[in-house]
Amino acid sequence: MNIFIINPNSDPEMTQVIRQKAQNFASGDFEVECQRVTEAPSFIETYEDEIKSAPGMIKRLRENESYFHAFIVACHCDPNLDLLKEISTKPVLGIGEASMKIATLLGHRFSILSTTPHSIPNKEALVRKYHLQDSLASIRVPGKEKRQNQSRDSYLHAARKAMKEDGAEVIVLGCAGMTDLDKFLEKNTGVPVLDGVVCGLMIAAGLAKYNTSISKIRRYRGKSGF
Amino acid sequence: MNIFIINPNSDPEMTQVIRQKAQNFASGDFEVECQRVTEAPSFIETYEDEIKSAPGMIKRLRENESYFHAFIVACHCDPNLDLLKEISTKPVLGIGEASMKIATLLGHRFSILSTTPHSIPNKEALVRKYHLQDSLASIRVPGKEKRQNQSRDSYLHAARKAMKEDGAEVIVLGCAGMTDLDKFLEKNTGVPVLDGVVCGLMIAAGLAKYNTSISKIRRYRGKSGF
Amino acid sequence: MNIFIINPNSDPEMTQVIRQKAQNFASGDFEVECQRVTEAPSFIETYEDEIKSAPGMIKRLRENESYFHAFIVACHCDPNLDLLKEISTKPVLGIGEASMKIATLLGHRFSILSTTPHSIPNKEALVRKYHLQDSLASIRVPGKEKRQNQSRDSYLHAARKAMKEDGAEVIVLGCAGMTDLDKFLEKNTGVPVLDGVVCGLMIAAGLAKYNTSISKIRRYRGKSGF
Amino acid sequence: MNIFIINPNSDPEMTQVIRQKAQNFASGDFEVECQRVTEAPSFIETYEDEIKSAPGMIKRLRENESYFHAFIVACHCDPNLDLLKEISTKPVLGIGEASMKIATLLGHRFSILSTTPHSIPNKEALVRKYHLQDSLASIRVPGKEKRQNQSRDSYLHAARKAMKEDGAEVIVLGCAGMTDLDKFLEKNTGVPVLDGVVCGLMIAAGLAKYNTSISKIRRYRGKSGF
Amino acid sequence: MNIFIINPNSDPEMTQVIRQKAQNFASGDFEVECQRVTEAPSFIETYEDEIKSAPGMIKRLRENESYFHAFIVACHCDPNLDLLKEISTKPVLGIGEASMKIATLLGHRFSILSTTPHSIPNKEALVRKYHLQDSLASIRVPGKEKRQNQSRDSYLHAARKAMKEDGAEVIVLGCAGMTDLDKFLEKNTGVPVLDGVVCGLMIAAGLAKYNTSISKIRRYRGKSGF
Amino acid sequence: MNIFIINPNSDPEMTQVIRQKAQNFASGDFEVECQRVTEAPSFIETYEDEIKSAPGMIKRLRENESYFHAFIVACHCDPNLDLLKEISTKPVLGIGEASMKIATLLGHRFSILSTTPHSIPNKEALVRKYHLQDSLASIRVPGKEKRQNQSRDSYLHAARKAMKEDGAEVIVLGCAGMTDLDKFLEKNTGVPVLDGVVCGLMIAAGLAKYNTSISKIRRYRGKSGF
């Protein structure tokens, strides 16, 4: 089985981190490839960034659809996800939806660690889109507490505040670029910490193995008919 | 005051219908211009259609932002609306949000008349995005009752069913292309029938006159700040 | 076009402030009249105050219904609004519903500035009645922070707290008596600040121009029919 | 213990039916008095009817507050209930809220039998006000099925349809005038059928005995404080 | 009339406190019996505790069903309540559901006083099960403020914080073991304070007198039918 | 990796069907064992059935916890799931929660096929517990349409009605005993059909591989601490 990860931004370093994480998780059980969208901005932060990434995302999906069995969009704001689900005949998962829905299986409420205050309302809208608003404890941005560089410790500090003040029982990493923080935070907080890339991979691999995919009769039907 | 209407599709006829309707409503109180997105598909039906229209929508907004006081996106699925709100310093209204929110001021529940069964789940997602799901009586597509050409009478038939079977008290036209049906349906049903272009215009003109606009501090802040 | 504003309380000063604000906004585009309910209390604060104002509100609506094209209830708790919608054949708007629904078009969440802690649960009930609870950031009463006279600065202070601590992106003035604060607060906070009288006027004028009104088939049907 | 029932309408017959039902339920355990509002319409159907009844309701509550231990508003649309809760220091219950909240203790979903199609949206708004919309199976009006006189059999027919087609497990009588239908319907449907007057009485008597009442600190505080 | 209270835990002291409280409230108007589940843990805190109590709860209900007219489960987490409703032909009330639903009749929002932080998410899940999440101000555990022994004063302190910081207008005692705190807290806070045992009794007695019970057609039907 | 499936009922045939399905899906990638609860009823239908199965479920989990890496409860009503999550240090998944949450990743709304009308309200309560009520198209029981034996064709008929009349885009099998229907229905309907056992396995295997588990800090903490 072969799984393709689309990194919607153009940052080669983040792409390599995601690829490494994914291959470690796959550990040879399935093949996994990760490509960035070279035409996209180096970081997806605004709605305009999302649109700029769309043509490249579509292109990569279409070029790879025949060989790969499932696709993952590796940006936690799930940019252009409805679109990719619509045009693909293979399963397409967003790391945002995958991580947050798995979080609800592991505890009463989850908190998201995010990178900028600007992202909070956008993530709130996403959480609500997925009907998860009542399972959300909080969205925490380290910089809101301390104006320091976003170090591992600042995320640990934010995670602990989410647990203590907001009632979080599970932590969700709110950016594909945080993919290496999961076990560090898990060890230091004692609660499950979910990386979206891994969460996306487990469901994508499962669906591919199960040989099922996106429903094409209405919402994600595309142009071709009824 | 000058208001600019972006028709996200490339259909010149529909553009002319919208322009005419808008100028009739403006009736000289303000200037209104309507342009289509020539690079877009002739009808916006899928998520892919929406993305294809995005670059042209951005271009038209940016080219006209200094002269016009407010912008309207004249497609009832409000394509790329968050994006335009993000990049503009002027008010931007979608005809979907404008018509549905005004509908809640006029009656207990509203029904939307739509063009294809395919659009129903997409509109449901939009209705929920605007927190309006509990004010929605139904989404009715004439073709579901009779496989005939979508005539005025088929829309009237659907509106009457919405009133009688679904409890609709207000009818919302679910496509900019239906813009000429409002008074025909209103006369024949006895309930308010709302065209999104007119609804968008009244709020856009009001906001421009009030000299206020989109909040730029978080969700629609764009790249430049915080 | 002629619009009639009913101030549900009997305070002549507040009535004059509202009238002035309305005429400034109308700026000759339409005629606007504002009258107080002389039989009502000088301030509408309790449910009993609302009832005391009802007969006078009904009387003013009925006396003026033939000449005026739309009506506005200029008290932010929208007293007796369902009743006026029921008995009128012309559009009737509350400044509460108008301002809060327009607020959702301009940002992710809004906060309401209010006059007394007592009003908070009543406003919460109103917000929920309009299905807006998930768009509400907070209701802020200056006096809760500082026991001083409710000065312009105390409202500015409350607005800033709402933006910083509650995530407000839009500010709604929670009393018709605050009608002069909008531009002062907007200038000093940088976010849109909405006065309900203006918001009511723009929709009322729009609906009157569009020649549509309240649906009379069920909820607001009154005695005469079905 | 003494309980006072206010019938918000002026119909002497309905008042006598309610009084009788209440005294039968009390069966000497407590004293119960029922008075109509002579100044009110003979049937409360519209928002205007509710307002017309308000002054008489206030008067009866105030005249009897010192002697009686609890008050019940015996109209299923709970007219002016927030107001009476606000001005009273004794418990005040509406038969709508009492019957619907008890219904949720006895089964998964309840249906309301109502008198006119006009009342359906108004009752829906009330159900939602009490946060009960997800426990509502349906609101059924016999006349919608058969245009006959609203006989006992037509209500039985409506109750059976609610059980079979809407999933109702409990039936709530949607008008104080139906107060004699409960045991007839219960015998013939096999499910609990709740009369609001009885439901109001059991909670009012319980609260009076418990010597507790409406909270007066915020929403129902009235003029005097904070 | 005879009412049976099942204390799901095995603590004889708490059982005696509950029995005493119940008999005081009954004050001879009806007979009330309270028994503990001797096979159960001495305190119900976890989901496992609830299951351990189930067989004894079932046994006590079945042994006493012919003589008693209604049953109350006297643990505020309402353990095994759906089960008892399913197997009984008599009314069965939980003190959690009874107290929280009555709380909504007395004020805008209620807060629950609880014994351990561990219980907060479990109670949140219960509150949501009853559709009461939007009426909940907060769940307060005294130990969260001060690590002292849970004295009467620590509960009073927590109640006051709930009123002041969370907007609570009614206090609900979140454990049958707090049954003696109601009037102490009521006197010192000025707001209604509800003990679940009393709330359960008033509705149970009312339903028994009304001669109605749990609906047996679907959710609580048990094995025997349809 | 080793995964243990608990079939909460005592039916050896259904256990064998589940085991076979699970081993087929695992196809040697991981070890999977399935055991029934011999002390339980042969079919879990009522709340009492669920309780009767609890001790045996606990016993099997505890006996196998050291060797196995994850556990699945293979009954679609997820009996005693909160309890098993509480007492286990390994991941525990219900086939109800797993299948319904995966369904939301594949289409706009899902329908559940179920075995008896009695199960509908119980499943509705479960769906709501998981915050999925707005993603549910319907729960369909074949016997409601035709009183025939529940054949494969009757389920196909129900699935088609769900798609056509209720807007279902994904079908969820509402009983572990239907585990062999997935590909038959998928072939004949053209939409994804999800068996809970397979859905549970893919997430359980993924979580075990990821080496993360249930959060133990609050809701599922058990007796041992804070």
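Observations on the structure shown:
As written, the chain order gives the labels A, B, C, D, E and F, with residue 1 at the start of each chain.
In this section, a contact is a pair of C-beta atoms (placed from the backbone, for glycine too) under 8 Å apart; a residue touches a chain by one contact, two chains touch by 3 or more.
Bear in mind the structure is a predicted one, so any value in this text is a computation, not a measurement.
Residue numbering at the chain B/chain C interface overlaps substantially, since over half of the positions present are found in both copies.
At the far end from chain D, in terms of centres built from Cα atoms, lies A. Annotation: 42 Å between the Cα-based centres of chain D and chain F. The geometric centre of chain A is 31 Å away from that of chain B, both derived from CA atoms. Between chain C and chain F, the centres computed from C-alpha atoms are 51 Å apart. Mean C-alpha position of chain D lies 26 Å from that of chain E.
Residue positions of chain D touching 2 or more other chains, listed in rising order: 108, 120-121, 125, 128, 134, 167, 169, 218-219. Chain pairs recorded as touching, per the definition above, are A-B, A-C, A-E, A-F, B-C, B-D, B-F, C-D, C-E, D-E, D-F, E-F.
Those residues of chain D that touch chain E in the complex are listed here as 25, 27, 29, 91, 93, 97-98, 101-102, 104-108, 130-132, 134-135, 163, 167, 169-170, 186, 190-194, 198-199, 201-203, 205-207, 209-210, 212-220. For chain F in complex with chain D, the touching residues are 120-121, 124-125, 128, 133. Put simply, chain A touches chain E in their complex at residues 108-109, 134, 167, 169. Taken together, the chain F residues at the contact with chain E in this complex read 45-48, 50-51, 54-55, 58, 80, 82-83, 86-87, 116-118, 120-122, 125, 128-129, 218-219, 221-223, 226.
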